[in-house]
Structures are given as C-alpha cells and as structure tokens.
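In the part that follows, the structures are each spelled out as structure tokens.
Shared between the two complexes below is subunit A, which has subunit B as its partner in the first and subunit C in the second.
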Partner chain A sequence: MATQRAHKAARLMISPSVILLLAWMIIPLGTTIYFSFLRYNILTPPASWTGFENYYYFLTDPAFIPALVNTLVLVLGVLAITTIGGILLALLLNMEFWGQGIVRILVISPFFVMPTVSALVWKNMFMNPVNGLFAHLFRAFGLQPVDFLSTLPLLSITIMVAWAWLPFATLILLTALQSLDSEQMEAAEMDGAGWLSRFIYLTLPHLTRSITVVVLIQTIFLLAVFAEIYVTTAGGPGYASTNIPFMIYNVSLKQFDAGMGAAGGVIAVIIANIVAFFLMRAVGKNLEL
Partner chain B sequence: MGQITLENVAKSFGEVEVIPPLDLTIEDGEFVVFVGPSGCGKSTLLRLIAGLEDVTGGKIVIDGSDATQASPAKRGLAMVFQSYALYPHMSVRKNIAFPMKMAGIDEAEQKRRIDSAAKALNLTDYLDRRPGQLSGGQRQRVAIGRAIVREPSAFLFDEPLSNLDAALRVGMRLEISELHNRLKTTMIYVTHDQVEAMTMADKIVVLQAGRIEQVGSPLELYRSPRNVFVAGFIGSPRMNLFTGAAAAEYGAETIGVRPEHISVSADGGKWKGRIGVSEHLGSDSFFYVEDTGLADAVTVRADGEVAFRHGDEIWLSPAEDKIHRFDKNGDRM
Partner chain C sequence: MARQTTTGQRALVTVAAWGIGILISFPIIWTVLTSFKTEATAIASPPVWFNFDWTLQNYIDVNTRSDYARYFMNSVVISIGSTLLGLAVAIPAAWSMAFQPTKNTKNVLMWMLSTKMMPAVGVLVPVYLGLRSMGLLDTRTALVIIMMLMNLPIIVWMLFTYFREIPGEILEAARMDGANLRNEIIHVLTPMAVPGIASTLLLNVILAWNEAFWTLNLTTTNAAPLTAFIASFSSPQGLFYAKLSAASTMAIAPILILGWFSQKQLVRGLTFGAVK
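Right, the complex of A and B next:
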C-alpha cells in the first residue's frame, strides 16, 4: 500500500463502509438534535419550533441536578469497587490452587447474567427487607433488617452494577497479571523488595494500562445504566436513584415530551464527552496513543 | 567476603530428582562457571544458591553462616538474569537505584554509587532512558549495574549473554572478566557455552543431569578430563572419541584425540581417510575427515595454510602423548 494508486484504490474500497457507519451515527444524532428544538408532545402532535426552550426546561428541571450527581456517583462508585476489587480478585486467581479452572469460570459468570435478571435477583432474593438473605442475616445477629432499596437506593444499585462488572475487570486484570515477567519478580525479590513493595513498584505499574482500559470501557457503559434502576427503584424514592438516562426516559415516555427527551439526550452526550475528556486526561498518559 | 559452601545440597521437583546431593566449595573472589548441556540442572543450582528455590536437602553456607533458610534478599547476593529482568517502567537510574531504595540507603550515597556504576559501565548518557529504549548490550550493562550497586558478597549470572549477538557476546565477556578483575568479588556464572566457560573461569564446574562431573581450572579440564562426558564437552571443536579396534590398540574402551592434536599429511600416517568438508578460516583450517573407519567424521584442526579440499585423500596421525584413554565406565585411565 505504498504507492499513490494503491492509496486511492484503498480509499475507494473502504468508502462504502465508512459512509454507512457515518450515516448510522449522524442520522440518529441529527434527528435527536432536530427534535430537541421542537415542542413535540407525542400525545398532541403536530410539533412546532421552540428554539432552546427544551434545553432550558431540562436543565432547570428539579430532577436534573440530582440525576447528574447520581450519574457521577454511580459511575465513580462502580469504577472504584470494580478496579480495586478486580485487582484483588485477579491477584487471588493468579495463584495456583486446586480447582482453578472452575473457580475462574464461576468468577466470570456474573458478566453473562442480564442486567434485568441480576437486578431482580438482587432485589427479591438479597435486598428484600422481609424475605431477602440480607434480612435473614441481619435478624440472625439480632439486628433490624435494612430496606436497602428505599433507604439506600443508590448504594444498592451501585452494588448490583458493580457485581455485574467486577468479572470484566477481574478478567482483564488477570490476563495482564499473567503477562508479568516472573524473572522481574524474582529480581525484585533478590533486590530486597517485600511483597508490598513488589506490588507497588512492579505489579501496579504493569497493570496501569489494563486499568486504563477497564476504566474507559466501563465508563461508557456505566453512564448509561438503566435496566437495574427500572426494575428495582424506578428512580426513587423521589429522585434518589434517578440518573440522566432514567430522567430522559421519564421525560420522554412518562411525560410524553419527545422534544425535551431529545434535549436531554444531547445533554447526556455532552456530559459523556466531558467525563471522557477528564478521564482521558487523568489516565491517558498511560495509553500510548 | 564471598565464600559459598554447598553441603549435600539436593533438589527434587515432586518425584523427579533434579539435583542429587552434591558438595561444592566456592572460594572468596573466585570466578566459578557452571557449565553443562541444557537441562543439566545448572540454572537450578544457581537458583538454589540465590534462594529463589528451596533446597530439599543439605545446607548452603555463605561466609560461614548457614543461609539455607534465609530469604534471597538476606543472602547478600546479586543476580543478573538471562532476560535482564529490568523494570520496564523505570528509568535506568531508577532501575539501578531500586535495590538501594529497598535497602533504605540515603539519597546521597545512592547517587554516588549510581554515578560510579554508570561510569564504569558506560551508562552515564543513558541514565534517564527506559530499558525499552536501550540495545541488548546496554540492557545487560544496566542489569550488571543494578547488581554492582548492592555491593554483594557474590554475583550470580544466569546465562547473561545468551540473548546477545555473537560480536556483542565476545565484548560483554571481556567486560565481565574485567569487572571481576577490578572488583575481586566472587562470581558464579551459568552457561551452556563451553567457550565462555573456558575464557572466563578460574574454576569450571561441569554438570550433567544434576551431578558434578568434574571441577577444575579450564586447563586442567582441557588437559585431563576425568571422563568421556567432560572430554567431549570441553574443547572446541569437540574431541574425537573412538571406540573399537583403534581404542583396543591402546588398551582402552574409548580413546579421545583433540582435533588440534592430529597432524595431517598427503603421503602417509596412521589413519587414512577422505575429506568431507573443509573449512578455511585463514588462521586455522578445519577438516571433517570421512571413511577412516574410526568414526563417522573425524575433526582435524590444521594450520590455515594447509590446503586440502573436499574429496582429497588424507593421512592422519595423532600426537601419541596427547591421547586420552577411558575405561568401559567412561572414566579416565
């Protein structure tokens, strides 16, 4: 692919897929932006032009600030639990023990459970204040059972989402750990580095790139958590567990305001970009892009 | 100080005995080379001394105190690994400083030792680079630098030159020998390359299947190999080993003649053969002589000006006083 002609031919050949992908992206985005400038209630068509009013109402909605805070708390909480927990689990699984294969599969399996299913299992079997396992556990110690979903809604959802994403982080960090050169570890051992020093000076630096990947990929998905909220707390009580995606759902499908929903969608895209910008700046130096 | 004594040291991995009990004494300041074919247990023996593997029997005594159960860091030894095992995310300076940082040596002293090691190893210009930006030989020097700054009682080298190209290997070989002459610290060096062993060692330990076949100075091993294995392993090109009638003539099961102890002639001699391959290096010529009835090919080393070619008939005569005789157990007679 060195000659000019080859370059031209290559561009021509890949253009259909590039155009298709671009259209795939641009058309929905364009439609969303267009709708966001319309007064468009699904129950009372037709739509009419309103300018930036939808944005104004979305940003001044009493649910917006709590939803924004909840989104960030949820993302950061799950990231913290999954990366720290993932590193610890990966360290454990990297050791040799009997039944390693089965344990590894078991650890990875939560990732295959659908969000709705896992949330319902958590809600009904673990966090239910009457029949849940946690309630039984609390009573066994003579404590008052906690109604997780109504008293600690955001924490409960964070736990559910973290449970589903922990295996992903573990898996990626485990593969990274396995590529750590054992001679380096031995060299450090001879250099007088104890277990903790070896972890801090060798293992962690070796893992930074994988941690970056875990953080970036998870952030994309965690900004859009919806199913867990929908089947458990429905965003409540009040706005205590409403995040931006759930607020958009409320606006467009419960208040039937497609215009304001679209405005919310555009704002969500902007927020995601801001988060991505800061994340890339924070961890981007570990990625040799 | 760096005297290391192994008493009945043995190592098994599960059922498999890798090293049967062996005794060995390494004197302070000696350059000892463990040499043997791959899988002979030489690296395992080094790792036992380093403390990276636990012995399954026997005692390791370093400088008079029992170090069998001591952790690697407590033994006061420094090791240079085959893969160099540099820390990839640290600069050369930090790599070299790492053992001192772990030992809690103060900054000024760290800097002094880094500077002197960098100067000795020609690394001064590279101190702020990362290992990934260095060539193989430079990485090797960083690994040695990291070992030097600890001021260990002995250095352990685990096939340190095997990842380098031939020219660089000769250069590094000299540098390590010079380093030993300057520091006068005990060094234990593992290699499968008998040329490295011959050129660097004060004392060579030849190992096979975990057993010590012979211990001695390079020339002792060259002049009087204790058995057929050592005879065949030490010396390059390999010693010619003959069995059958040629050996019976000397009252032995096997006889060995080194390529350089056979003289060649076009007219007459002891054994007759035809040249299969001839290699002319300028300084020497090597002939691989076939159809002698002694062995498949007899290797002969002659002066560089001797001009036999492929297919020429040739007569070979061994230097009678340089013939090594071995009995049917393969031991020297």
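Right, the complex of A and C next:
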C-alpha cells in the first residue's frame, strides 16, 4: 500500500516535466514534418500538398552544398582549436603559479559573453579593415590590412566561435586533470618516464572521457551557430559563410517559404540526431543508478 | 600537486599563464576600455591604451537615446522568469527521481536529455507561425515559456545530480525521530537542497540571458532583450565603437560576474554530471 502510494506520488511529481517536454517535442516537430510536405508560402496561404518536392528543392538549392560544407568546416575547425587549445591550456593552468584564481577568471570569461556582443566586437573592433586592431597591427608591420569578413568570412566566424568555446573546453579538461592521481605520476617519473610518455600514457587516457564529452556537447551547439553569422556576414559574401541553420532561417523567414524551411528543419534534426546518438551513449555510460 | 617546483619554474609558469589569460580575455578588456573613450579616440591610429580622457558620456548616450532600460528589463524578466518557472516544474521531478528511482528513471532522464538535442532551427517555422497566430510574437510570455522549455532538461539533470548526493539515511533517521513528511521537507531536506538549487538557478539564468536564436527570431521591439538590442548595432551609422562598447559592457557585466561565481557548477551542469 505505502509503496504503491509512493509510486503514485512519484509519477505525479515527474509528470509535469515529462508532459511539457513531450508536448515541446511532438507538437512543433510533428508540425515541421507536416509542413515539409506542403507548398506553403507564409505571405500567400493557403497551403497545398506537394509530397517530397520541398526536400528536392532544399537539397538541390545552390545554397545547400556550400551550407553543408560550411557547417562541417565550422564544427570541425572550432572543435580542433578548442580541444587542442583546451588541453594545452588546462595543462598550463594545472601547474603551480601565482594568481591562479585571477587567471582562471580571465580564461573563463569569454564563455559568458553573449554571441551578439562577441560577434560585433570581433567584427568592428578587431577585424574591421580600417579601424580594427588587426588593421592597426598589420599597418604597424608595413602590411596591407585584410578585410577579414569579406575575404575570409568562414575563418573569421570560426575564430569568433572558437574564442567563446575555448574556455568551456579548458574548464572541463582542467577539472578532469585535477582528479588525476598524482602518486601515479610520481611513480612514473621515478621509473624514468619522460614528460611526453607520461602525457601519452597517463594524462591522455585519463582525459579521454572528458574530451569525448567536450567534443559531443560542443558539436550539438556548433551545429546550431546562428547569431554570429546573423550579425556579421549574413551568410555572405554569396554563400561563403551560410551554414544550415542560417540557410533554413533565410528560406523560412526571408523567402517566406515555410514548406521548404520545414524540410530543411527535418534535415537539420536528422543531422543532429546522428551526433546525439553518440553523445547519449557517452553520457549514459556514466549514469549509474 | 605534491611535486616540488622551484621558484624559477614557478615564475616562468606565472608569466606564461598571465600572458595567455590576458590574451584570451583581451577582447573583453579592450571593449571595457573603449567604452570610456570618445568616439574619436576609439578609432585613433595607433590605438590609445590608457592615457585618454576617461568619459562616461557613452553610457549616458546609450541610456538616453535607446531605451536601454527596457531591453535590460526584458533580459531580466526572460532569464529569471524562465528559470524560476523551470525550477517549479523540475524540482518535484528531480526530487522523486533522486529519492525514489525506479527502473524507468534512467530512461526518463536520457529521454529528457535527448529533447535538448533537437536543433531549434528544426522547429523555427511552426513555433514562429504558431506564436503569430496566437498573437504572442514579440511578447515576454512567449520567450519565458520557450526559454523554460529549452532549459528544462538541463535544470532537471542538474537538480538530479545534486539531490542524488543527499544521503537517503538522513530521511530515515528523521522519520525514526517522528518527523512527518512536512517537517521532513522543511527541516531536513530543504536546507540540504538549497545549494544545488541555487547553482542550478545561476547557470540557467546565464544560459537564458545569452540565448540568441529564439530571442533574435521571435522579438522585434516590445520583448527584445539585450541580445537583440546589441544586434541592432550590426548596421551602424557614423562613429559608434565607443557606444557599441558601452552597450556591450552593460550587457555582459552582470552575467560575467554571476559566471565567475558559478565556474564549478558550469562544468557539472553543461556536461550533465559526466564531469565533476
């Protein structure tokens, strides 16, 4: 009796969260799938059934291949910078030095800057070809300043996004490093293991799981980069810095093609789910009940 | 670390660490410095570092010309409102999963996490059109609800990892001493749960404050928070670096300070307890 009542109470306590999330998943996602089969212009309803036409148009749109490649380049570029940089920084910050607390705060700060601020600060105050700090720096060395956002748009956005995520990777890897057994390290050192072999055989295996988590979580967020593109290049020049989210935004809310936008949305969901599958496995392994 | 380091080594590491720390946070430092310059000094070539006439004019300009207070209040209402609403829904759920786990608990938790994987852009069209037909576009109500749904999985997960660390025996002991359920919750559990709830609150306010997909797409003027306000500087007229810097400094300062206090919770919350 008592346990039955407890179970009932437990179900009652969990259900609001579950119902809300279920509704949030099913209603918009179901509607997206439904819309993706409609010829539906937001400005000129009504909509009509069109089968897979929207998918065909989305996948053959001249923006699609560049957007897919840009999405991959952006994700992989930022991942490379942040994990390698994060490991190096975590190793450095794990050593003994004066003012650890303040340096930690300095390193973590970019993560708390909202994307629109970081993008506009980088765009105007650093990458602007006339007044940006990089332009001043180039001129000081007698070089021609580079117009980053029109000549290297994707690289510029990669730098902005990596700047925001490097602190995240560093902080997580540093947390993991601090739980490394120092006695094992000392034993290895006494046995004559060099710095590099200690790093490869002790530190790196210890970090593997945290690196996996960093990579997977960042991937989820990096697949969805939007604001940085929205306020800097607006996807241009041409499609040079359009990624999948920005392309869907363009199709849906700029060209008012809700059907094709929805088809793009379904494709984005599929891509994210492939990544999510691996993330869930990594997190699930750790969850012992 | 137990190993001895010489003062020389330590000095070297100190220089390297400080150098890199300043380099990484330099865009923030530079923005704050620029916010106290005049527009002319802000673009001076070569750049001026510290010896300029410090002025608060940009802060005054941004506040008087742009209705800054309204955007700020929208950010406050959306981030705090959505987090409190999320906590109200999530606390009972996390509570019962932590103290009365069933064989389904793990599945429920993993499923909640999976909802977080759904890319926002995948449901942009129906959410936008749905809100439009309900007349909720550009309202705080819509953003509070959406932000709550976005962060609900993280809130449940964080609370769950904190609650799980409260020893169950303490409840039994209280029960033995004759405490009823009400006393148990007020006198025993609440004091132990408050730190976890506070950390969860902090991290989720930060996440909601900085969210820039829904806030950019679902607001225009009335409910626009600071993310959208700053985005309006993307098509500038005339000299604006100093004013952009002042607006940016005001937009990031509160959250930067909150963030410094929540470093540890950040790791735990964003890795769903996988790294502690």
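Throughout what follows, the second predicted complex is superposed on the first by the 254 of 289 C-alpha atoms of A that agree within 3 Å, B and C clash if a C-alpha of one lies under 4 Å from a C-alpha of the other, contacts with A are read in each partner's own complex, and residues count from 1 in each chain.
By definition in this document, contacts are C-beta pairs under 8 Å (C-beta built on N, C-alpha and C of every residue); 3 or more make two chains touch, one makes a residue touch a chain.
The shown structure was predicted, so the numbers you read here are calculated from the model rather than taken from an experiment.
Overlay on subunit A: subunit B and subunit C fit together in the combined arrangement. Legend: residue contacts after superposition of the two complexes on their common chain; A:167 is shown touching subunit C, with no touch to subunit B.
Once chain A of one complex is fitted onto chain A of the other, the partner contacts of A:28 are limited to subunit C, with no touch recorded for subunit B. With chain A used for the fit, subunit A forms the apex of an angle whose arms reach the C-alpha centres of subunit B and subunit C; rounded to a multiple of 10, it measures 80°. In the superposition on chain A, A:269 makes contact with subunit C only, not with subunit B.
By the touch criterion stated above, A:252 is placed in contact with subunit C alone, subunit B being left untouched. Number of subunit A residues touched is higher for C, counting subunit B against subunit C. Once the two complexes are laid over each other on the shared chain, residue contacts for A:184 go to subunit B alone; subunit C is not touched. When the two complexes are overlaid on their common chain A, residue A:72 makes contact with neither subunit B nor subunit C. Look at A:146: by the touch rule set out above, it reaches neither subunit B nor subunit C. Across the superposed structures, the minimum distance from subunit B to subunit C, using CA atoms, reads 6 Å. In the superposition on chain A, the residues of subunit A contacting both subunit B and subunit C are 183, 186, 189.
Touching subunit B in their complex are the following residues of subunit A: 181, 183-184, 186-193, 197, 201-202, 205-206, 208.
Interface residues of subunit A facing subunit C in the complex, by the touch rule stated above, are 6-7, 9-10, 12-14, 16-18, 20-21, 24-25, 27-29, 31-32, 35, 42, 89, 92-100, 102-118, 120-126, 131, 133, 136, 139-140, 163, 166-168, 171-172, 175-176, 182-183, 185-186, 189, 209-210, 213, 217, 220, 223-224, 226-227, 230-232, 244-245, 248-249, 252-253, 258, 261-262, 264-266, 268-269, 271-273, 275-276, 279-280, 282-284, 286-287, 289.
Partner subunit A is touched in their complex by these residues of subunit B: 50-52, 71-73, 77-79, 81-83, 85-90, 98-99, 102-103, 146, 150. Every residue of subunit C that touches subunit A in the complex is listed here, in rising order: 1-3, 5, 10, 13-14, 16-18, 20-22, 24-25, 27-28, 30-31, 34, 43, 45-47, 89-90, 92-93, 95-97, 100-102, 105-106, 108-110, 112-130, 149, 152-153, 156, 206, 209-210, 212-213, 216-217, 226-228, 230-231, 233-234, 236, 240-241, 244-245, 248, 251-252, 255-256, 258-260, 263-264, 266-267, 270-276.
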